[in-house]
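Two complexes are shown next, each including chain A; its partner changes from chain B in the first to chain C in the second.
And then the complex of A and B:
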């Protein structure tokens, strides 16, 4: 594991009857945080992004602290057109629009874009920005297959930052470095992918099936899973 | 206060008491401090002042036109404090409980359902406002009048979508009018005592406000 940038020590966060506990180190690379609905993934993502403080324990940073959290709804939108919105991210507006694949729609009202297009614009702005930590909470929500592929490729090109992907949709992943699992509010580091995959108790059906068939997985990305499926004996 | 029926009556009485007279407003706030344990849904002083902007402007306008604007602001503040207490004390489903208990499973159910849906929308709105504020801060965008159209249209569209989803859900479940609901209430003695105090404050406010003499003209003292 690379030099950690974020260290969570004895972190406890209570929400009514629910308690989240986490001890972890997040270094550079792409982390996948998975777990059942309601297990505390989003709460941990919010703590990492600095939204709310833990009730006890500490979250320490070894460096910069430019954080961006992409939530399941487009809360970042603050202007009316594509051009204005791209410009409002204080980055290269032209690059954001080009990356989002919205060239030619610069003056289109954001309300006239599809949900997927707005999502792409938001993701392009985030992933072309300068952040030390990017937390992507369900980044594929509401996207079609083509847009999912586009998001995968964009995330893959950002392995030099800390990217935490929170998702229980494991069919469209980019290349994953570290696997984390949240179970009933407890954060567990499963380890480096693909070495840790054999110990993944809550693995999705496809991964379990491939393991049952004796296929060695090289990773969790869509391409790696497709390649593994092709190696099913018989 | 656990019993929503007593809480509703208390809120009405204290709000009326606060509105009728200045002594009533002070007594209502005193009730809130002692009996209401100073609970409020207004989480920051900043939020409180934001809420006070409109009454403040109205108060200034009253002063400008030679009326007692200060009295208006104090009384409306007391009403807002009581409203925030009620909002903080409520639990999901209580309006449906009270509606059905009071007006039955047809009109009461419908009114309770409307109340619950409205309260739930207010919760969503509060949560959205928090999320938007965080998202904009992370993005480096400061709150300004320029962003209001985009932010509010986003909120409006999401609220309309939510309303549509709820309407579809109710339709799918066969809702036309009224429904079966069996409310149950926990009504401890302390709730009744606190409710009785609010009745006393209301009566004292009526007396202090010389209500019976000025009814029909103005309630401002």
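And then the complex of A and C:
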């Protein structure tokens, strides 16, 4: 099968006074999409996942187009128990439960799980599944440090798919290949990480601070940030 | 002072804990009792044993503002104006006085243009601002933000923080999983399995012998201070 690739040409999507415009190509690898609240990131995620349709322009696929989108977990439960929910994903239910760290809780009512556990179950199902494109919209929301590390490791094990992470949470990231920014509905490709980081005008405080201190960042993952912080002179 | 004494409630087991006026961050892993702790402070969760006092008063006798992670789940009215006015109307303030307060609060938060809008159809960020305004409008003794930052960008959080500082609200307690958010706090409580695992005062002059590390609130304080010095 061809390696998956999505090409957006002249894509326009309107919602009231808001207009999203995108010309872009997403290939295999891990993409980070950042931008201000309300800038259109979630709308783009929905277009990529095929939930929304552009008003004009085209979204073309090369290779397979099995797609999965993670949004707010608590709305995604469709069954009663952990076992049923894992089974509903048409994957390896036992592997999903094991990956989520929920072995022994197979018969637990989903509503009795903590929010973090529900999210782990869903992320495990998505990230052990067979997809060509996975869009993760704020995957770290509500998760603690240990769970964040777990999500990172799970994402890092994916190399042959297109993964688009939408997040404001810039201290929890896995390895990132490409950086994108949404500004008032316009999608901009900043480029390959880490080369593009010096031209990141809306960079978060930590990245600006490291630049101020003359520390070169090798990437945006949590581990790379921590390593860079250790190299701050003085 | 907020004083917690010999409290056992849900998972929480707190022999004694004092929170000073200012901004207090609550950290800790999932299930450590952060939300329970906030519910305890707000009076939503009554204590079975022990006591919680806010400047000597029971929480249920104080005015409390609360903003959660998903404010759209707690909306009462269809129009932004009415949502903002509701805490004032519920305490039977006059129309004139509540109208003045609604307009002042909306102006302070830059949401005057939203007042006549339907709550339904606001963007995620606008919704947070409206919920935040509704929580602050009655000048609460205590404002609680329960992981409100999980869907917010850096500048947005900063805007809220500036507002909190200017608002003069005596106690602000917020929970978060984002280490960089600790920079704004005057003190930090880390809960571990329902107990206070760490309680740091962050108002004294920074001791620069601490290690630079992403989980260290002092490090984020330094990042913030040095960036604002640089004018960025």
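Just so it is clear, the second predicted complex is superposed on the first by the 227 of 234 C-alpha atoms of A that agree within 3 Å, B and C clash if a C-alpha of one lies under 4 Å from a C-alpha of the other, contacts with A are read in each partner's own complex, and residues count from 1 in each chain.
As a convention for this text, a contact is a pair of C-beta atoms (placed from the backbone, for glycine too) under 8 Å apart; a residue touches a chain by one contact, two chains touch by 3 or more.
Everything quoted here is computed from the prediction, not taken from an experiment.
Superposition note: with chain A as the common reference, chain B and chain C are in steric clash.
Contacts of A:152 after superposition: neither chain B nor chain C is touched.
Using the contact criterion defined above for the overlaid structures, shared-chain residue A:105 touches neither chain B nor chain C, since it reaches no partner. Once the two complexes are overlaid on the shared chain, A:175 sits clear of chain B and of chain C alike.
Look at A:90: by the touch rule set out above, it reaches chain B but stays clear of chain C. By the document's definition of touching, of the two partners only chain B reaches A:67; chain C does not.
Between chain B and chain C, the partner in contact with more residues of chain A is C. In the superposition on chain A, contact of A:13 is made with neither chain B nor chain C. In the superposition on chain A, contact is made by A:143 with chain C only, not with chain B. The superposed model places chain B right into chain C at 74-82; the other stretches listed in 38-46, 74-82 or 200-208 stay free of clashes. Partner chain C is touched in their complex by these residues of chain A: 16, 34-38, 42, 72, 114-117, 138, 140-148, 168-171, 204-206, 208-209, 212, 222, 225-226, 229-230, 232.
For chain C in complex with chain A, the residues that touch the partner chain are 28-31, 69-70, 121, 123-126, 128, 147, 150-156, 177-180, 212-215, 219, 223-224, 226-227, 230, 232. By the touch rule above, chain B contacts chain A in their complex via residues 128, 131-132, 134-136, 138-141, 147, 149-151, 153-154, 157-158. Of all residues in chain A, only 49, 51, 67-69, 71, 73-80, 88-90, 110-111 touch chain B in the complex they form.
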